[in-house]
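Read through the structures below before going on.
Below, chain A partners chain B and then partners chain C, in two separate complexes.
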Partner chain A sequence: MEPLLTVKDLSVSFNTTDGTVYAVNNISFDLYPGETLALVGESGCGKSVTTMSLLGLIPKISGNNMSGTAVFNDGVSKKDLLKMSEEGIRKVRGGQIGFVFQDPLNSLNPVMTIGQQIAEPLMEHLKIDKNEAERRTIELLERVHIPDAADRIRIYPHELSGGMRQRVMIAIAISCSPKILIADEPTTALDVTIQAQIVDLIENLSKELNLSVIWITHDLSVVAGLADRVLVMYAGTGIEIAQVDELYDYPSHPYTRGLLGALPNPDMESSKRLISIPGSPPDIYTAPYSCVFASRCKFAFDLCHKELPKLVELGNNHQAACFIAEQLRSEYV
Partner chain B sequence: MSNENNKTLIEVQDLKVHFYLKASGFFNRKRQAVKAVDGVTFDVRENETFGLVGESGCGKSTTGRGILQLIRPTAGSVRFENIELTKLGKEAIRCMRPKMQMIFQDSYDSLNPRHPIGRIISDPLVIHGIARRGSAELKERVSELMNMVCLNPGYVNRFPHEFSGGQRQRIGVARALALNPKFIVCDESISALDVSIQAQIVNLLQELQEQFGLSYLFIAHDLNMVRFISNRVAVMYIGKIMEMADRQTLFKSPLHPYTKSLISAAPTPNPKFERNRQRIILSGEVPSATNPPKGCVFNTRCPIAFERCSQEIPEYREVAPQHFVACHAV
Partner chain C sequence: MNRYLFNRIIQSILVLLGVMCLVFFLLRIVGDPVQMWFSGRTREIDPETIAEFRRSMGFDLPLPVQFINFMRKAIVGDFGNSFRYKLPASMMIIERIPATLKLTSISLLVALIVSIPLGVMAAVKSGGIIDDIARTLALISQATPTYWLGLVLISIFAVKLRWLPSSGSENWKHYILPVACLALSSMGGLIRLTRSSVLEVLQEDYVRTAVSKGLRKNVIYYRHILVNAALPLVTVIGMSLGGLLGGALYIETIFAWPGMGRLVSDAVGLRDFPIIQGVAFLTCLIVVCVNLLTDVIYTFIDPRIRYGD
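And then the complex of A and B:
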């Protein structure tokens, strides 16, 4: 099967008054049709910048540097999202690629009714008239399980709860039948029971519409049940990628192990200690020249401080960027 | 850690904290009450971590503040080592404060940005007259506290913004420890931190508990973390406790439908388990505390609600030793 999206060596850096911030460094991944890929990492690891660059939301001004390719294959033609013109990317963004962000209150326009906001991309991308757009808007609201959809199109975002707002965002995201849905921490700001509702909704929609989903999160628990593959990021670098079962069963990068160890297991006795990772993530004012995790890694040796480890194939399509990844993986077998 | 024979440190009886909204209109003098906490009863034992979970707005933080008398309760009693706190005046409460402290969620808002951290940590000692500002004794105590929470004492003159989130939370812990308290309310103290840093702070809290025999009221919405750190857990919903039991019982054999759905909604880092588990997904959202449902507050979302649930408030009763539930169906 051909991938829908092929990201290769994506790097993004920003020149600031404090120096250059190397936000994303040589990230590569494929996204296949119908697949859910999770990007996991802690704050500041570059997961949001990665997807913003795919959506053309990083302004192309001097000081913002972007390199690499992101080839989107919509079945008709192949195009590089990073090299497209502003006009071109507008046709894709919100059309073939839908997106949902963490904070729906900041993502929705407070002075437009939710009906207007859902109808806007419909009229823009599908070139349909107002009445048809309204009919589809009601359909979409029903699809994301908002009760009394026909009346709700006239209300404003502040009249809705957090969970309902997120449903509106999802309705906008799927309005133009996208091929890819980018969900950037869509449930982080929500309560547990509402989080379960939203996860359930996105999972069902992705099955019904055969969507490929890029799910960004900091929480390895949330994506355990819904991702097909997981890419773990640290300090702007992709450090491990594998099928979901393989990754959770045989984490082969010390950072992934640390992340999993930091989560309490339901059956864990509280007399035990969580495995914490000492220190905090590095600042990213230098381009990585050695392993980005070395300063916090308990396995680190000379080489780790000198050379940048590349992703190595460990079998089973499992790759990790660590000099001793093979050894770490075999310890688990 | 603790066991059932430990002495009771804090006894909360039928605690109520109501807030009154402004009356709307001149003739309508009846003020509407928000029953943020509406009759909760539990106790915290010595050397115990008592977990309080619930969704946002359920009154768990207000309960914590009500216990510390940061908000004076509307009704009910809070006894700390058999002293009735709700009856004490302002000065008397101040004398009790050294024994009960709080660690807040947002370490940025709870540390004064204009004060170096040495000042922040030493303030409680100075205010309670334990040491004079500038004395050698105070300096020594501050570096001791900083060592305790694994902060380099050399950073004593730095300001809060120079630290990372995890380090700032350590400063908050050091300040709470300054007066050798017996009881600390941890109000979502780790929620704002990254996963790897969360584990550091949780480990620190547990080490300090063992070292000093502290009791914690651990308020959080992350069920897995509460399950890990607590000895006993209470589940709150719209100002009321729905269920309380020791952590094994509560998580392994929950009785209240709300507890069941909360547990089934909390994801675990286990792909095989997650794919096959049956989630109880609650419909709708948490009703407002201004206008809570009649009868059982959970009846509007409860999958097993029947007629009686919307008419009669279920009694909070002990169904098995040390296992309390408020539900008609149990």
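And then the complex of A and C:
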């Protein structure tokens, strides 16, 4: 099957007064139709920058540097999102690729009704009139399980609960039947019971609409239930990518191992301390020239501090950027 | 909505009552109105005349009684007769109001037409040339005293170049200099506020959402950014009318504009108490009404206020 989106060697850096920040370094991944790819990593590892740069949401001003390619296959032609004109990328945004953000209150315009906000992309991309847009808006609200949709289109975001607001965001994102949905930590700002509902909603929608989903999260326990494949990021670098079961069963990068080891286990005695990875992520003011995780890695040896490990294929479409990935993987087999 | 409006009207009435107390007592702190009215006369005044004047104006009564009488009349808009013209002060003021309102509202309009687009462009291209121009203009506007600017403009455009008249209000040419002065004086604050509130809204998550929806730039600017940035502006525009009315006092004096400002500055010179009290009260009434109006407008733009308290 042909990938819907092929990101290759994507790098993003920002020149700031404190120096150049290397936010994303040579990230590559494919996204296939209908699959859910999870981007996992801690805060500041470049997950959001990666996806935002795909849609040109990182302002193209001097000081912001972007390189690499992101080829999007819309079924008719292939085009590189990073090299498209402003007008071209505008049609992809909302039309072909929908975006759901973290904080549903601040992400909705406080002075427009939710109906207006959902109707906007419909009228822009599908060129339909107001009445048709309103009819579709009600359908969309029903689709994301908002009760009394016909009445609710006239209310404002502040009149809705956090979970309901996130449903509105999702309705906006899927309004024009996009091919890809990018969900940037869509459940982080919500409480736990609502989180599960939103996860279910996006999962069901992706099946019904054959959506490919890029799900950004720092929560590995969420990933296990919903992702098909996982890309683990660390300090702006993709360090491991695999099918979700493969990754959980055979984590082959020391960082992934650390993350999985740090997950709280219900069987664990409550008196035991949670395991954590010692140290903190490296500063990102220098472009990586050696393994980004070496300083915190218990397996690190000379080479790790000198050379940058490339992603190596471990079989089963499993890749990890570690010099001893094969050994680590074989420990589990 | 109705309860909010009701509360705001009650508040406005209380403010007006407070202002009336202030107007009465502040002027009494300055001195005895009768003494001040007759002071500085070249001709010796007969003490009998002074006493008669005091009695006829009710200034012989104890201060609290005078206050109650003042309030009783002021509530129905009666501030007594002008000492000088022997005409009802309120009538004289009301005759002058249209000229002042014309001058201030045109000035406000000009200020808005210049500062809002300039503030928006300065924010959108912050750090650029327009931003520098906007900030310099704002600085000049806020640092230049209105009366000084008025005199400078007269000496350049009326005296040296003879392009524009320096006094009167007969036709549009008479408007140019006073309007330029007043507009410039209130532009600074408006430019700064527009710029900073647009800059703030540009950072908001919902603007990123609007971009991610694939909307056109114009739609994003007008519907998502400007409306939200206008919220603090509406309040400040209402308040800047107060500043304009104050500035009109200087401008009307300098340009011999037949408005309320000149009336009161003459009245202060003559210590004509009823007119001073009347103008102070009516100016305040205008400001309070405009503020009430901006609050009502605010509830239409910002749905979050509608159900507040």
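We adopt the following convention: the second predicted complex is superposed on the first by the 329 of 333 C-alpha atoms of A that agree within 3 Å, B and C clash if a C-alpha of one lies under 4 Å from a C-alpha of the other, contacts with A are read in each partner's own complex, and residues count from 1 in each chain.
We adopt the following convention: contacts are C-beta pairs under 8 Å (C-beta built on N, C-alpha and C of every residue); 3 or more make two chains touch, one makes a residue touch a chain.
If you're wondering where the values come from, they're calculated on a predicted model, not measured in any experiment.
Trainee: Of chain B and chain C, which one contacts the greater number of residues in chain A?
Mentor: Touched residues of chain A are more numerous for B.
Trainee: Applying the document's definition of touch, where does A:Asp283 land relative to chain B and chain C: first, second, both, or neither?
Mentor: After superposition on chain A, A:Asp283 lies in contact with neither partner.
Trainee: Quick check on the superposed pair: does A:Glu208 touch chain B, chain C, both, or neither? Answer first, second, both or neither.
Mentor: In the superposition, A:Glu208 touches no partner, neither chain B nor chain C.
Trainee: Is A:Glu2 touching the first partner chain B, the second partner chain C, both, or neither of them?
Mentor: A:Glu2: touches no partner chain.
Trainee: Tell me which partner A:Asp148 touches in the superposition: chain B (first), chain C (second), both or neither.
Mentor: Neither partner.
Trainee: Figure out whether A:Glu307 sits in contact with chain B (first) or chain C (second), or with both, or with neither.
Mentor: neither
Trainee: Tell me the contact category for A:Glu331 with respect to chain B and chain C: first, second, both or neither.
Mentor: Neither: A:Glu331 stays clear of chain B and chain C.
Trainee: Considering only touches as defined above, state whether A:Asp103 meets chain B (first), chain C (second), both or neither.
Mentor: After superposing on A, A:Asp103 lies in contact with chain C but is clear of chain B.
Trainee: By the touch definition at the top of the document, which applies to A:Leu57: first (chain B), second (chain C), both, or neither?
Mentor: Only chain C is touched by A:Leu57; chain B is not.
Trainee: Can you check the complex and tell me which residues of chain B touch chain A?
Mentor: Contacts found on chain B: 1, 49, 55-56, 164, 166-167, 194-200, 202-203, 206, 221, 223-225, 227-231, 247, 251, 261-262, 264-275, 277, 279, 281-282, 285-286.
Trainee: Can you name the residues of chain C that touch chain A in the complex?
Mentor: For chain C paired with chain A, touching residues are 204-206, 208-216, 219, 223-224, 227-228, 231, 301-304.
Trainee: Over in the complex, which chain A residues touch chain C? Could you list them?
Mentor: Within the complex, chain A contacts chain C at residues 55, 57, 90-95, 98-99, 101, 103, 106-112, 120-121, 124-125, 156, 158, 169, 172.
Trainee: Considering the complex alone, what residue numbers of chain A touch chain B?
Mentor: Against chain B, chain A makes touches at 42-43, 161, 163-164, 191-197, 199-200, 218-222, 224-227, 244-245, 248, 258-266, 268, 270-271, 273-278, 280-281.
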